[in-house]
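Chains: A, B and C, in written order; residue numbering restarts at 1 for each.
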Amino acid sequence: MQSTSPGTSAISARGLHKSFGTTEAVIDLDLDVATGAVYGLLGPDGAGKSTLIRMIATVLTPDAGAAEVFGHSVTDQRGKVTPRIGYMSQRFSMYPDLSVAENLEFFATVRGVSRADRNSRAKSLLESMGLAEFANRQAQHLSGGMKQKLMLASTLMHSPDLLLLDEPTTGVDPVSRREFWRILAGLHREGRTVLVATPYMDEAERCTHIAFLDRGRIRQSGTPEQIKAQVPGRLLEVASAEPRRTLAAVVALPGVDSAHLFGDLVRVLWTGAADPIEALTAGLGGTDASLTVRTANIDMETVFAYLAENAPADAAAVSS
Amino acid sequence: MKASLTRIGAVTNKEFKHLLRDVRTLAAVVLLPVIQLLLFAYAISFDVDNVPTMVIDYDKTPASSEYVRAYDASSFFKVVAHGDTLNQVDTAFDANTARVAVVIPAGFGETIAAGDKAQVAVLIDGSEPNSAKISQAYSVALNQLYDQSMTKSWAASQGLDLSGIGALEPRVRTWYNPERNSTIFLIPGLMAVIIAIVTVQQTAVTLVRERALGTEEQLLVSPMRRTELMVGKLLPWTLIAFIDVVMVILLGMAVFGVPLRGTPLVLALGSALFVFASLGMGLLISAVAPSAETANIMALMIAFLPSFLLSGLAFPLDQIPVVLQWFSGIFPARYMVTISRGVFLKGSGFAELWPELLTLAGYALVMVLVAARLYGRKARA
Amino acid sequence: MSGKRIRLLIWKEFTQLKRDPMLVRLLLLMPVIQLVMFGYVVAADIRHLSTAVVDLDHSVASRALTDQFASSGYFTINARPTSEDDLRPLLDRGQIQVAVVIPAGTQDHLDRGETAQIGIIVDGSDSQVSAVGSGYASQIISRYNRQVMTDAGVSVAAPGVDAQIRVMFNPTLDPINTMIPGLIAAIMMISLMAIMSQAVVKERESGTLEQMFVTPIRASEYLIGKLTPYAGLATLQMLIVAAVGILWFRVPFNGQLGVVLVGLALFMLTCIGLGLLVSLVSHTRQQAQQAMMFIMLPTMVLSGFIFPIASMPPLIQPLTNLIPLTFALEVLRGAFVKGSGFAALAPQLLILAGFAAVIFTASIIATRRRIAE
């Protein structure tokens, strides 16, 4: 890893624009990622997260705008950018008929990692990710979670300063997901910078900074706390016998900003003045003996839903 | 430079692994050309003999019988039927049971006895021009000879002195292929064609597969240069195709008696360059094809007919319009056929074949570079 | 069988085809271009052979003989080396295909009534050139001899044989007439089989094949739906290619148009069916491609398109009957060149129909097996 000091910019992008035919995937986008950050890109499918990451990874050429990674242009100084980044694509990008070890060996060799380093790093990476016993298994015969770990290991073989991860945990079981983020936390501690796109709201909590993408633009960005602060009111959870009916009833109550189903709970955003627990219990009242109302911490899901519903189509960023 | 070689080595290594784990493709690429060559070399030839001939003798005299014997005696014609009417000729030609019909009119013997020239009709089925042409030539020759020998014996019986009349006699020498064995002529060309077809197919999909697999992006963020990727991908196939060439040469010599009169080194060099050039062509298709399916289709259509028809394998190239001659220069098979025939049959060496070698080398170079350029442009769209 | 489902499948195939302009171009445009190009190649006749004359006699006779060669139309005299040794490099490099060597003393021999030998050297590395070239050369020398005899007044009085040699059906022996029809069939075959072989595999790889088979769609419906658009395009291709071939090269047509169309249509069905069958039994595109090649190479070589079946060893000849193209060629060449009608070509047409039937039955079985998997 090259020496990077916190406070410098890992990624600096201005006015990025990319269209595919008539579809505008990324529109006039600015982005700043500080060195050492774990920066999460959130947003629905088609928001432009992949396109953005691929442009920064130099894999895609922007139609307009510029981006720099550690001070080097991604379009004109690709040769200086790529040695310092590791890119993990959304789809499986290893050779299916090569083994775990062979895949690592190949990509690391191509990256110019010396033989000694290849051996030692492969060994330690496989061990720390729990892949050691599968070293000789062909990549096509790995489970979803193991495939993702393999890809991550491959991106780490050349010890990059910046990791660009495009939905690394999509389709992976929850246990593997947690493991994955444990590994990312370790990388953060080592001082590496991570830009990760994810549709999972709960993963946003683990980032140092996040940005919401929607239809090609950044709607909101900042630290998780800053973003959460945007949402007025408090969050409550209502458990009931018939969640759907409860949802319908709750939405009609005054003081309720919005509500949505969360499993078999109903989460309610309360912006009213009165005490929400009393008001809700009273409002929903009566016949349901199992009705309970309690406060909850505002989570990203709620924040996002609120912002998506309430934000006009502008990209006023709360910068960090 | 060292880094470059390391990367090329890594790609070559990887491609070998892919190949060795795909037994079916391996078999197809290594065994198939050899098997097919053996089959075809055994089967095909342009040699024409024992042409089925029908004789319709309306005369039935000793003179006509003697005339018919001339055909019997010839190794070229094979009298298979004696007909009674002309209609039978039509039927025979339609059914392909006879290709030549000799019709001797009534009065043949009388006319000759009277000292005149008797007319005979020889009908040739022209629907297969190759054998028809040769049949025609042989008929003319046979009849001329018969006529001349009749003249001579008549002159002798008359006591005429023919000493004042000389004659020319053609002495035909066939160089490079004295037995006129067309198999020997065909095998060197066939070898080139089969390898051209097989190799173009294999590389046509190789780049498209990288894109389809998703590994292409990983390669894009690495220091790997496009040309390095191309070269790395071509090397294993070059080696395999080269093995094919060697096997074919050995089998051709051992089984079919194809002689190797020229400089083997030229053949080896030419083969290596040819394989590289054909693979390069496949690579180019791969780089411009939008999908694996189209790559396959394009490869099939581009490799197949042109290899057979524009390489000089079966059809001579010097009689066709000049524009087409230039166009045929696009296909590497053409040069390989020339080199192949030259080294096997004509005893050619560097002195004669350097233009072809140079062309193949240039071709390979251009193909790889163009493929590299086009590939990169599409990848980052 | 549900007509509605079939129509739906046909609509789907057409929509997909429309979105793939490259495919349509490959199917319609390329064959025409190939036909025009290759037509010239297969139609080329062996004439104007590059010839060298080594005249060591410098006599009236030698000059007369040389003139006969030059004016024959078969030989183009491109070199007049002064010695036989000079011939070697010319033949080695392929600049000369035939050489005539008139030795010194030829005229003397003729005057004395003796036989003089004329050397004819042909390039044996090209078997057609050597066979035809030596044949032509012998003819010219024969004619010269006859002239000599006639001049001496001998032949007029002598009895002899005057053979009228007539080539039927193709009097000019112009290869165009038989090769162009064959080329039409070969081009159709390659393009159709290439495209069909990928048609189903594509679906299998993308997973939509599985989807289809959990619906009520039946094997026969699937096949008909798959085939129809391609058959339509193939018919279009056939008409275009045949028309271009005939008109551009002015191939004389002696026969019945109906026979040609029926023959081509049946052949087209076998090609599409065979490509489809390959597509159905292959698991990957790669496999389909390899299978295609495995079928097409022998077809090209053994069908009689380029290499005459009559020249093949007796063991091989029955094998040629396994190849649909063999019969298609017989139909086409018969119709074009010999003017054969339905009656004469009925066996071949029936066999082609038989091929089509067998292939489609196999396709249905293969499709059912896929559904069952």
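The criterion applied here is as follows: contacts are C-beta pairs under 8 Å (C-beta built on N, C-alpha and C of every residue); 3 or more make two chains touch, one makes a residue touch a chain.
This is a predicted model, so every value here is computed, not measured.
**Student:** Which chains are shared contacts of chain A and chain B?
**Tutor:** Shared contacts of chain A and chain B: no chain.
**Student:** Hey, which chain ends up farthest from chain C, C-alpha centres compared?
**Tutor:** Centroid comparison gives A as the farthest chain from chain C.
**Student:** Please tell me the distance, in whole Å, between the geometric centres of chain A and chain C computed from their C-alpha atoms.
**Tutor:** Between these chains, centre-to-centre, one finds 63 Å.
**Student:** How many angstrom lie between the centres of chain B and chain C, each centre taken as the mean Cα position?
**Tutor:** Going by mean C-alpha positions, chain B sits 12 Å from chain C.
**Student:** Would you give the residues of chain B that are in contact with at least 2 other chains, written as numbers and ranges?
**Tutor:** 22
**Student:** Mind listing the chain B positions that touch chain A in their complex?
**Tutor:** 3, 6-7, 9-11, 13-14, 17-18, 21-22, 213-215, 217-224, 380-381
**Student:** Under the touch definition given earlier, write down the residues of chain C that touch chain B in their complex.
**Tutor:** Answer in residue numbers: 22-23, 26, 30, 34, 37-38, 40-42, 44-48, 50, 65, 91-94, 106, 109-132, 134-139, 141-142, 144-146, 148-149, 152, 154-155, 157-171, 173-175, 177-179, 186-187, 190-191, 194-195, 198, 201-202, 285-290, 292-294, 296-298, 300-302, 306-308, 310-313, 316, 333-334, 337-338, 340, 344.
**Student:** For the complex, give me every residue of chain A touching chain B.
**Tutor:** Touching chain B from chain A are residues 54, 57-61, 79, 82-83, 85, 87, 89, 91-98, 102, 106-107, 109-112, 154.
**Student:** In the complex, go through chain B and note every residue touching chain C.
**Tutor:** 22, 24-25, 28, 32, 36, 39-40, 42-48, 51, 67, 93-94, 99, 111-134, 136-141, 143-148, 150-151, 154-155, 160, 162-178, 180-182, 185-186, 194, 197-198, 201, 205, 290, 292-294, 296-301, 304-306, 308-310, 314-321, 324, 327-328, 338, 341-342, 345-348, 352
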